[in-house]
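In this document, chain identifiers A, B, C, D and E correspond to the written order of the chains, with residue numbering beginning at 1 in each.
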Amino acid sequence: MVAAAWNDKTIRWAVIGFGLLAAAGWLLPTWVLNNVMFGLARGLAVLGLLVLWRTGLVSFGHALYFGLGAYAVALLEKYTGLTDVFVKFGAAILVAGACGFLLGFVLRNYRAIFFAMLSLAFSMVLYGVLVKMEVLGSTDGFSVTHYTIFGWNPDGKYPLFCFIILACVVALTLVQLYLKSALGFLTTAIRDNELRVEYLGYSVARAIHIKYLISACLAGAAGGALAMALGQVDPDSMVNWTVSGELVFITIMSGAGSVVAPFIGAIVFEFLRTYAFEWAPQAWQLIVGGTLLAIIFFLPGGIWSVLEKPWAKRETDNG
Amino acid sequence: KDTINVGIASFLTGPAAGPFGVPGRNGAELVIDAINAGTLPAPYAKAGFAGAKMNAIFIDEAGGNAKQVGEYRNLVEKRGVDAVLGYISSGTCMAVTPVAEELKKLTILSVCGTPRVFEEAQRTYVFRTQAHAVGDSIAAAHYVLDKFKDMKGYTGINQNYAWGQDSYKFFDVAMKKMAPDTNASDNPQFPKIFAGQYGTEISTLSLDPAKLVHTSFWGGDIEAFVLQALVRGFFNDKQVISSVGGSAVDSLGKKFPDGVVMGTRGEYGLLVRNNKEPLNAWFVEEYKKRYDAYPLGPSYQYANSVLALKIAMDAAAEKAGSFPNQEQTMAALKGLSWQSFGGKISLSLADGHQAVHPVGYGITKWDKEKGAATAVDVKFYQPECIYAPAGQNSVEWLEAGMPGAKC
Amino acid sequence: MADVPILRVRDLNKSFSGIVAANNINVDVAPGEIVGIIGANGAGKTVFVNMITGYLKPSSGTIEFNGKDITGIEPRDATHEGVCRSFQISQVFMTMSVRENLLIALAIARESGSAMLRPVDHPELTEECERLMAAYKIDQYADSTVSTLSQGVRKLLDIAMAVVANPEVLLLDEPTSGVSVEEKFGIMDIVMAALKEKGTAVLFVEHDMEIVERYVHRVLAFYQGEVICDAPPEEALLDPGVIEFVIGTDYHSANGTSEAADA
Amino acid sequence: MQLITTMLLDGLSYASYLFIVSVGLTIIFGVMKILNVAHGAFYAWGAYGAAYTIGLASDNDWPDWIGFVLIFGSAILVGLILGAIIERVILRKMYHEEEVLIVLATFGIFLILEDIILLVFGVNPYFAYQPMALLGSIKMGGIIRDVYSLTLFGLAILVAFGCWYGLNKTKWGKLLSVVIYDREISLAMGINVQLVYLVTFILGATLGALGGAYIAPTISVAPGFGIDVIVLSFAVVVIGGMGSIPGALIGSLMVGILRAIAVHKFPEFELFVIFAVMAVVLMIRPEGLFAPEKARRI
Amino acid sequence: MLKIDGLTVDIGSIPILREASLDLNNGEIVGLIGRNGAGKTTFLRALMGLLDAKAGQMAFDDVELMAVPAQRRAHLGIGYMPEDRKLVPSLTAEENIQTPVWSMNIADWESRLAWIYKIMPEAEQFRDRPSNSLSGGQQKLVALARALMVGHKLLLLDEPSEGIAPALAQRMGVILKDLKAEGVSILVAESNIHHVSDLIDRMFVIERGAVAEQAMS
């Protein structure tokens, strides 16, 4: 499988790219490092949404899993004192995955706007519970301050940065292999014609359930990673519908063309927002909205479509 | 050094901008300009912050705690500010505090009220020039019991988020401790924040036998509530006590009903509008001149944070004999006690990081002749009466019946 | 022909709020038999195909396949059992290329369980895919997105996708409608030859009597939900009811010329 | 008994509110298949328009009833201007794109319009309470109620009937169903698709603005208050079924009444009501109460 | 009455029709014959304005069609029956037939409808059923009826007999001949010459986007 992965051009270049990024992180100013880290963390969730989007589904409720992941990390630290990043990260994925697996039985029967809105409803239930429950921090949430790696208590964020990069590489590789497999290939087919897929002999509900589970795990991982990177969880930044909306926003801004796109898009978004915020603290939404419109107009394929051409050209040059 | 860069966070967009963020920023801006120019009244007439001019970088507090954590990092790590001031939302204060500690950056919180900031851990780099919210609710209970002894029970309408939940909880506990035989309603209302439509809630409150209604609504929510309740004759029937609805008194003007108990979380705003104490008079005067409105609570709160920084830096400079570094400034700030634009403030809790000051309430009254809102029957409660002694957890202290309170 | 029917349909009924689309249909199909289904428009041919393949649940009656009751199963289970179909209105993956369409069909048919996680472009699948495209004369469109192809090409692709699972019973709903005259016999030759080799039983709905005459062993004629004639083509096409309701008089009068043209 | 009447009246008035704020979205969604996030901005602009003009009128001591004229006037003006500009300049170029992309575009428009509000009107609240004060109050079921909220109910019925009639009983409404289904066949049947889209969008925008304008007298018109309306109205539309006016009406009623019961009896659940109703309705009817017909495919 | 000259159509950047020319006289039925993918549908769609033509002229009576926006072309009396039916699923069969009536002034629509039902009694049987429940062939009939509603001068029929039972196709041929006698011109696109060989007066063969007239055998 490792060989199969290395044979894939996208994965090969992504691994190299991420490796360089990890190395560069050593030299980057902290604020850049932070923004990249936030972007990468969100990129994980966006990668999950990309898997869904390729099959024509858009979820307005993935903040549910994002939030579950983030809260898993925060609660684990607060109530058990466990701080190891692998444990935290694993817990985030596990909790989100379990929830996604269960809700998947319901959501796999929905499509289009109804899928989107039912997801939203579920996520808002979690939001409501969090806001109500003081033990869960209500709207204030918690801080997530410590992390350790196999007992080592590092200083600064650089090790965490490397960890998140590692997580991204693993996620990206797995998703790319999945998308290229027969099962992943079904993605577009289902969007185009479910009836035919059924008649070919595959259960559409099952295929969607699998995708949903993948996206839930990735969103959980993203929430967990962001909670650690940011040091803070709270319902409004992790579970509210605006968070889901933002993830969808980045997904489309990035483009569905490649598994690398979500990470690029999320990082771009992070910087766009940082600068918009800096330049126009009273009108930053205007800048973000304007950029959004511009992207939709001039790059309907997302940011990826800018990179796609040189990328495709390489392909023909090489082979 | 002749300039310092200071990040100042307050809501510049969204629903909290009008009632809190912009008045707060204006208060800061007014005072910063005056300090830079050396035009503050005595004893603060000396120009600058230890002689340096402050370059304020205003940022928007909207967008949620997580985003603010990121923005805080950007302020410190990217824009290299010398200190950070401000913050209105309790959640955001909770969120940026650990980051401030991590980044070791002097941060002065201006408005937020949750006691948890300093009671969950000892802070080194974070200060708050505003007293915490437990005192607001205790003072409210005192005022109610002083003025409306024979009211029949109480209920509340508060927004469904930490601030609203805490405010009512503190008020409820304080009432239960101070007047165990008053009836607490079993159906207090917690509508969603920014819901805007309160028809159903007003019906519920009307049907409730309780006469007194506590609310920590602010901004558009209190304004909408007042408008909707007003047509329904709600205020004829119920006594409303509002802890932070001050902005509505001015925005609604003569439409705002008389007889509402109104607090400002300190010696600020409406309650001290006609107070002739020179610093306050200067502040009200200049603010009105520049922004064509009365300063609200947050205007004072931000101005006080700025002033505290100036006092500390000046003192530190004097002591060090040179431009003070962050440690020196913090040492001077710790435990500081100063005459602010609204009364005296002392950083006497949490090892000199958390402020206490009197908190008062008054009753709204429209002054026809002046065409302005006023407060009558204003009464302030002293810190010894409403805050837990240093080192104690204030919620536990409140629940224990406020032992040792001197009122 | 073997005695045991591979498909046995008993007393099949279906109505849609008052409209009777299937009325007591009884049909046996022997393995390897080729059956032409003809009928007026709205006679219930497609509904019949839909019920056999599980898309519609019959109001009453049973369908047995190889002695097993398959009434009301899901379409995908019908496919697993060995009952496949093509569609009157092509059901293909519009935003994908012809090759990708076939690759998916092949992958689902050939892989199962975790093998679905193998990449689709491994040689076994791709080679078979190329063969199929060549056989159905759609290889020149291999890389075109289906939405840019004409109706006729889509039809061919649709049929190709139906046969990849090597069914034992194949139902084709109007396989040649919309296919140009130059191709239709060629296609049917290819399809039928391949199927004959495997002994697949084929039921195809057809409005083109030349095709019916040329390929089928038996004709089922539908009218208003009923089978009005079940006989070998020589007989069925001369049945007065069939002529009146289904094929009209033109066909027989023009018969001589068309046969000459095809010769 | 008193409690029941109160709950019913509260429920009805909240339902009217929900319906009024979501009907514009339903129309645009139903006809153009665009989930219009900018609806929240139309709502806000309608409210600002009404609040601003009513404020002016009151400063100039015009009679209070003028307020009602201004409410409708400003809604129409806002709908006409914003609707026409957005449809012609932005959406028209996007109809061939994927639906999500259009949703995102409307989101971009929303962000921009929101900030323009901030730049034009500033952060301080605007009020337009005169119409509500003018109508005064009335005692019903032992509780004082404001007449203005009751008129909301009338308006909801009126708008619902008007839209339903227009969509189902007029030639124009029938044309819409052709346009909804397919652009090419509409053109081939001589339908001016562009005009239909333009008019529909303006209508939807006007109704969105009317929602804001009519609600304005009861609230504080301040930045950011359009956001929550987006989720509320999405939920109503989904519950009712895509683009169905009767669906939106029934959906609003269900949410309104259940919410009233919750507020009176189980306040902890108030926040969940709308989403609970949505989840339950979708579980039972996966495409909402009144799902549109689908094409037969095989 | 219809004269098309040098019609060139690209989709994206792919040339689909190349300088296609065709003419049609009053009261004539002309076949446009070609195999799958030859460009028949493209030709008809370009005529209706559903695709933009890159070059060429299309004179219809005295009107230059290129200058008429798509939605106005039907108003000239051109009825179009698309190959893939395109019935509005939420409407009944009869409402589908009526759609042109809602957008245009068709004064005699009621008598036209009655006439349609007379020549296609099948259609009358399912007039009140939702069109999404109809069978493929029934939908084809409705699509034809809808085209008849508009096309009092010219009918553009894209594979009208595809999926139609031969008995009905035979009757349809008769109907079209009757129409022709009334002076309606008809352009039929077909991939199977046998379906229309008795019907058409002249035939144009289209191959890879190039159109040429061919003598009838």
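FYI, a contact is a pair of C-beta atoms (placed from the backbone, for glycine too) under 8 Å apart; a residue touches a chain by one contact, two chains touch by 3 or more.
Every value quoted in this text rests on a predicted model; they were computed, and no experiment measured them.
K.L.:
Which chains, if any, touch chain B and chain D both?
P.N.:
For chain B paired with chain D, the chains in contact with each are A, in label order.
K.L.:
Following contacts chain by chain, what is the lowest number of steps it takes to reach chain E starting at chain C?
P.N.:
Tracing touching chains, the least step count from chain C to chain E comes to 1.
K.L.:
Among all chains, whose Cα centre is located farthest from the one for chain D?
P.N.:
C
K.L.:
Can you tell me which chain lies farthest from chain E, using the average of the Cα atoms as each chain's centre?
P.N.:
The most distant chain relative to chain E turns out to be B.
K.L.:
Once you find the CA centre of chain D and the CA centre of chain E, what distance in Å lies between them?
P.N.:
42
K.L.:
I'd like to verify one number: the distance from the centre of chain A to the centre of chain B, where each centre is the average of its C-alpha atoms, in whole angstrom.
P.N.:
Measuring from centre to centre gives 38 Å for this pair.
K.L.:
Using Cα averages as centroids, what's the distance between chain C and chain D in whole Å?
P.N.:
From the centre of chain C to the centre of chain D is 50 Å.
K.L.:
Chain B to chain E: how many Å between their CA centres?
P.N.:
76
K.L.:
Could you check chain B for residues that touch two or more other chains and list them?
P.N.:
Residues 12-13, 160 of chain B each touch two or more of the other chains.
K.L.:
Note the residues in chain E that touch 2 or more other chains, in rising order.
P.N.:
133-134, in rising order.
K.L.:
Taking each residue of chain D in turn, which ones touch at least two of the other chains?
P.N.:
115, 118, 227, 268, 271, 297-298
K.L.:
Which stretch or stretches of chain C touch chain A in the complex?
P.N.:
These residues of chain C touch chain A: 53, 74-76, 79-80, 84-85, 91-96, 100-101, 103-105, 107-109, 111, 115-121, 161-162, 165.
K.L.:
Can you check the complex and tell me which residues of chain A touch chain D?
P.N.:
53, 58, 106, 109-110, 112-114, 117-118, 120-122, 124-125, 128, 131-132, 195, 241-242, 245, 248-249, 252-253, 282-286, 288-290, 292-293, 296-297, 300
K.L.:
Please output the residues of chain A touching chain C within their complex, sorted ascending.
P.N.:
Residues 4, 177-178, 180-183, 185-186, 188-189, 191-193, 195-203 of chain A touch chain C in their complex.
K.L.:
Would you tell me which residues of chain E are touching chain D in their complex?
P.N.:
45, 48-50, 70-75, 80, 82, 86-91, 95, 99-100, 102-104, 130, 132-134, 146, 150
K.L.:
Spell out the residues on chain B that touch chain A in their complex, using ranges where they run on.
P.N.:
12-13, 58-60, 64-67, 69-71, 73-74, 77-79, 90-91, 94-95, 97-99, 102, 114, 116, 160-163, 165
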